[in-house]
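Structures incoming, each one as structure tokens.
In the two complexes that follow, subunit A is the common piece, with subunit B as its partner first and subunit C second.
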Partner chain A sequence: MKDGRFLTLGIETSCDETAASVVADGRFVMSNVISSQIDIHTAYGGVVPEIASRKHLERINDVIGKALEDAEVSPKEIDLIGVTYGPGLVGALLIGVAAAKAMAYACDIPLVGVNHMHGHIAANYLEHNELEPPFMALIVSGGHTEIVNVPDYNKCEKLGGTRDDAAGEAFDKVARVIGLGYPGGPKIDKAAKEGDPDSIAFKRVYLEQGSLDFSFSGLKTQALNYLNQERQAGREINVNNVAASFQEAVVEVIADKAVMAAERYGQKRIVMAGGVASNSRLRALMEEKAGSRGIDVLKPSPVLCTDNGAMIASAAYYAYRSGVKPDLELDAVPGLEF
Partner chain B sequence: MKESGLRNSCKDMKILAIETTGKYGSASVIDETGLIYSAASSEEMNHLRGMITLIDAALRAAGITKNELTHVAASVGPGSFTGIRIGVTTARIMSQMLNVPCIAVSTLEAMATGALDKAISSGALYVVPVINARRHQTYAGVYEAVFTSDYEHQSAVPVMEEKQYMIEDLLEELKCKTAEYSGAAAFFTGDGIDAYGDIIKSTMSEGSYLFADEELRYQHAESVAKIALRKAVRGETLSYNELMPEYMRLAEAEQRLRAGTLSDRIRFPAK
Partner chain C sequence: MKTIDQFRRKLNTEEDTRALGLEIAEALEPGDVVALIGDLGTGKTALTKYIAEGLGVTGEINSPTFTIVKEYRSGRLPLYHFDVYRLGSGEELLDIGAEEMLDGDGVCVIEWADIVADVLPDDAVAIQLEYGENEGERIAEFL
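This part shows the complex of A and B:
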């Protein structure tokens, strides 16, 4: 406690960001330290799990130290530690979990494990202080494309998800093939702004009538075939047009289904979460489609869309408040479900 | 460290030692007199889940609280990459939060130390800890039992470098060593026995090798604690950021990147 406020330290190491943050009363970000490994993994064209694990270990102490320092608090003033225990890369997760447990034990602080996906949703509590459940959540990231009904702080009902590639994964693959490189999402977003989204007719995959699931692998194959065909015919490829058309095909389906889900469950708000939630075209299209049906769209600022410790702290705060028991035998669960 | 500080800390030491590089996790507490209290897991690869429980049990057995610890030591490898990281991360964070220094202990040296008494009583000259690194690879070292300057104790002194060996190469070098003295035997320890026992038997000549019994074959924090105490007395301590894993091997992707053989099949074929 400090100045009457309940302080939670959130720790996140599920993929390639080593992150820690101090959040007051589950809502107010006092510090948010993110040490990204993107520069290291770029040389490999994607995240290498063993290297990610090694880097997390080297950086975790200083990231936690800086989060405390930036918030101007001592470990003794921390009331709760929250740590991502899944889903994610197992070797990466276990650095955060081992660190969180060691600190919880050394400083006598209760520890709760947080589902990374719940964390992404909770990022919205930090951005929009008045937001409370119920609402519909749309999570779009490198590993996830999911529509989740959130009736309460600690209830998440997954209504639909991808059957093959996540949206971010499809962005990464196509970006690599058209020479934009890694990470694909932001690069496609940028290139698409200079391109024509109607120039190439990529298919929109809606699956069965009424389904809230996604499939992006067919679209990805179509994009690869298109590029092959153009190159073989000796035609020059307009990278911006490919990026714009491909992006449009992905985000249009996502936006349509998110709005469909909100309407079906009578939710008046859709909150966006995950790295791809900062895609500018997805944001614009969501506002357009939801707005026309009287549904509000809330989204976190880009820094809270990427993996961070603040969202984990917020989710941990609400889990702890609702009675989740502290656990020093916490294990990493790479395939953790919602 | 200032001399006065060193002498002061020698007087009253409580060192926590953590071992998570092998199949079974363990934690020990050693004091300045060499008294050791330990807790070990009987569950395989339960390091992450069980570590704090083990540490707490060792501290309770020693009758002290974590705030009385003066050092935190970890077995830093080689061994299971994941296991190494759990132990080293735990030690680094405890060191940072309790504001005490770290001590790095080589896993192979700890294994040699753990097998030393039995090796000497069996009449062996060399102690050979061998960790299975799969596909005929090992992490290994060769130690000789040598009396300390006070002639009271014996310690394991390295006579062959700790590194990655193909089991066949290790045994060839070792055969040359044991041939230097007639009747010199090598005492093997570690899970390398489980993996390569048959190769060792068929390569080494009769009577030139011995195997550690299963109960002292695997890594244990007690040996880590013994070495840590010696290092603490000598002032060989580290800050938490200096406590680093000893993987003895680059990540596979990094090996390939350096060799220029990183797969790029996902990339569009160049025209």
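This part shows the complex of A and C:
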């Protein structure tokens, strides 16, 4: 405790990022340290993931140390530690879990494990201090495209997900083949602003009537077929038009299904989460489609959309408050479900 | 792996891909590595889905590009589904602790296996997937 506020340290190492953060009362970010180095990725002209366990190991103590320092708190003022224990890469997860356990044991602080996906949803509690469940959540990132009903702080019901590629992955792959490079999401977003979304008729994939699942693999193939066909015909490819048309086909389906889910469950709010939630066209379309049906759309700022420790701290705080028992025997679960 | 005939076959429909996946699954034994090689959109993930189905894996098999590997334990054998698209070399695959899985009790199916070919076992089964002449058509070749 510090100045009467309950302090949670959140630790996240499930994939590319080594991250730690101190959050007060589950809502207020006091520090948020993310060791991502997007400039290194760009320098290599491709994706160089920092998923290696030893990379997390090299950084974890510094990242936690800096999170405490930035928040101007000492370890003994921390009331709770939350750490991502899945889903993710086992070697990467283990580093965060081991560091969290060591600190919890040494400083006698309760420790709770957090589902990474619950963390993405909790990012919205940090952004919107008045937000409380129930609501519908849309998680869109490089690894996930999921619609989740959130009836209470510690309850998440997955209603639909991708059957093949995640939305962010489709963006990355198509960006690569049209020569936009990495990171694909922001690059396509930018190029699309200069293009015509109706110039190429990519088919929207809605799957079975009423389904809340997604499939983006076929759309990726449609884009590849279009490029091959144009090249073979000797026509010049308008990259901006491809980006705009492709993006529109992805985000339209996402927005339609998120709104359909909210209506089906009678939710008046949709909260967005994950890296692709930063996509400007998805944000605009969500507001348009949801707005016309009287549904509010909430979005976290870009820094809280990516993997970070603050969202893990917030999710840990609410898990602890709703009675989840602290566990020093916590283990990583790479295939953790909702 | 039980003997599987060398093949070069046209996959015209999803059903053809499924038949091949089920056939491969039937021949798989613990410790086998299936190396899938082919461009974006040639059907590597689709083939993996059907290999998983053949192994009796339940639940959704989706792309592991972001986390590099996903593990499924609901089938006849544990299945480690890799997608090494984001990696740069075989060494990076070992860095994430893949050695245990490659040499383990289950089956590894690796998409974009050419990227990590230097660290795959000699007896890995390599299957190349290519676009065919007609739209929707794919060629699968046992290398």
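The definition used in the following text is that the second predicted complex is superposed on the first by the 322 of 338 C-alpha atoms of A that agree within 3 Å, B and C clash if a C-alpha of one lies under 4 Å from a C-alpha of the other, contacts with A are read in each partner's own complex, and residues count from 1 in each chain.
Going forward, a contact is a pair of C-beta atoms (placed from the backbone, for glycine too) under 8 Å apart; a residue touches a chain by one contact, two chains touch by 3 or more.
Computed from a prediction, not measured in an experiment: that's the story for all the values here.
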{"item": "Touching partner for A:334 - first (subunit B), second (subunit C), both, neither", "value": "second"}
{"item": "Touched partner set for A:91, first subunit B, second subunit C, both or neither", "value": "both"}
{"item": "Which of subunit B and subunit C A:166 touches, first, second, both or neither", "value": "second"}
{"item": "Touching partner for A:75 - first (subunit B), second (subunit C), both, neither", "value": "first"}
{"item": "Which superposed partner A:53 touches (first subunit B, second subunit C, both, neither)", "value": "both"}
{"item": "Subunit B versus subunit C as contact partner of A:136, first or second or both or neither", "value": "neither"}
{"item": "First (subunit B), second (subunit C), both or neither touched by A:105", "value": "first"}
{"item": "Touching partner for A:62 - first (subunit B), second (subunit C), both, neither", "value": "first"}
{"item": "Partner chain in contact with A:177 - subunit B first, subunit C second, else both or neither", "value": "both"}
{"item": "Subunit B/subunit C common contact set on subunit A", "value": "44, 48, 51, 53-54, 90-91, 173, 177"}
{"item": "List of subunit A residues in touch with subunit C within their complex", "value": "14-15, 44, 46-49, 51-54, 87-92, 141-144, 161-166, 168-169, 173, 177, 217, 220-221, 224-225, 228, 334-335"}
{"item": "Subunit A partner contacts - residues on subunit B that touch it in the complex", "value": "48-53, 55-56, 66, 81-82, 85-86, 88-94, 96-98, 240-241, 244-245, 247, 251-254, 257, 262, 264, 266-268, 271"}
{"item": "Complex interface listing, subunit A residues touching subunit B", "value": "43-45, 48, 50-51, 53-54, 57-58, 60-62, 64-65, 75, 90-91, 94-95, 97-99, 101-107, 173, 176-179, 227, 231, 328-332"}
{"item": "Residue ranges of subunit C touching subunit A (in the complex, touch as defined)", "value": "39-41, 45-46, 60, 62-63, 65-73, 85-88, 92, 95-97, 131, 135"}
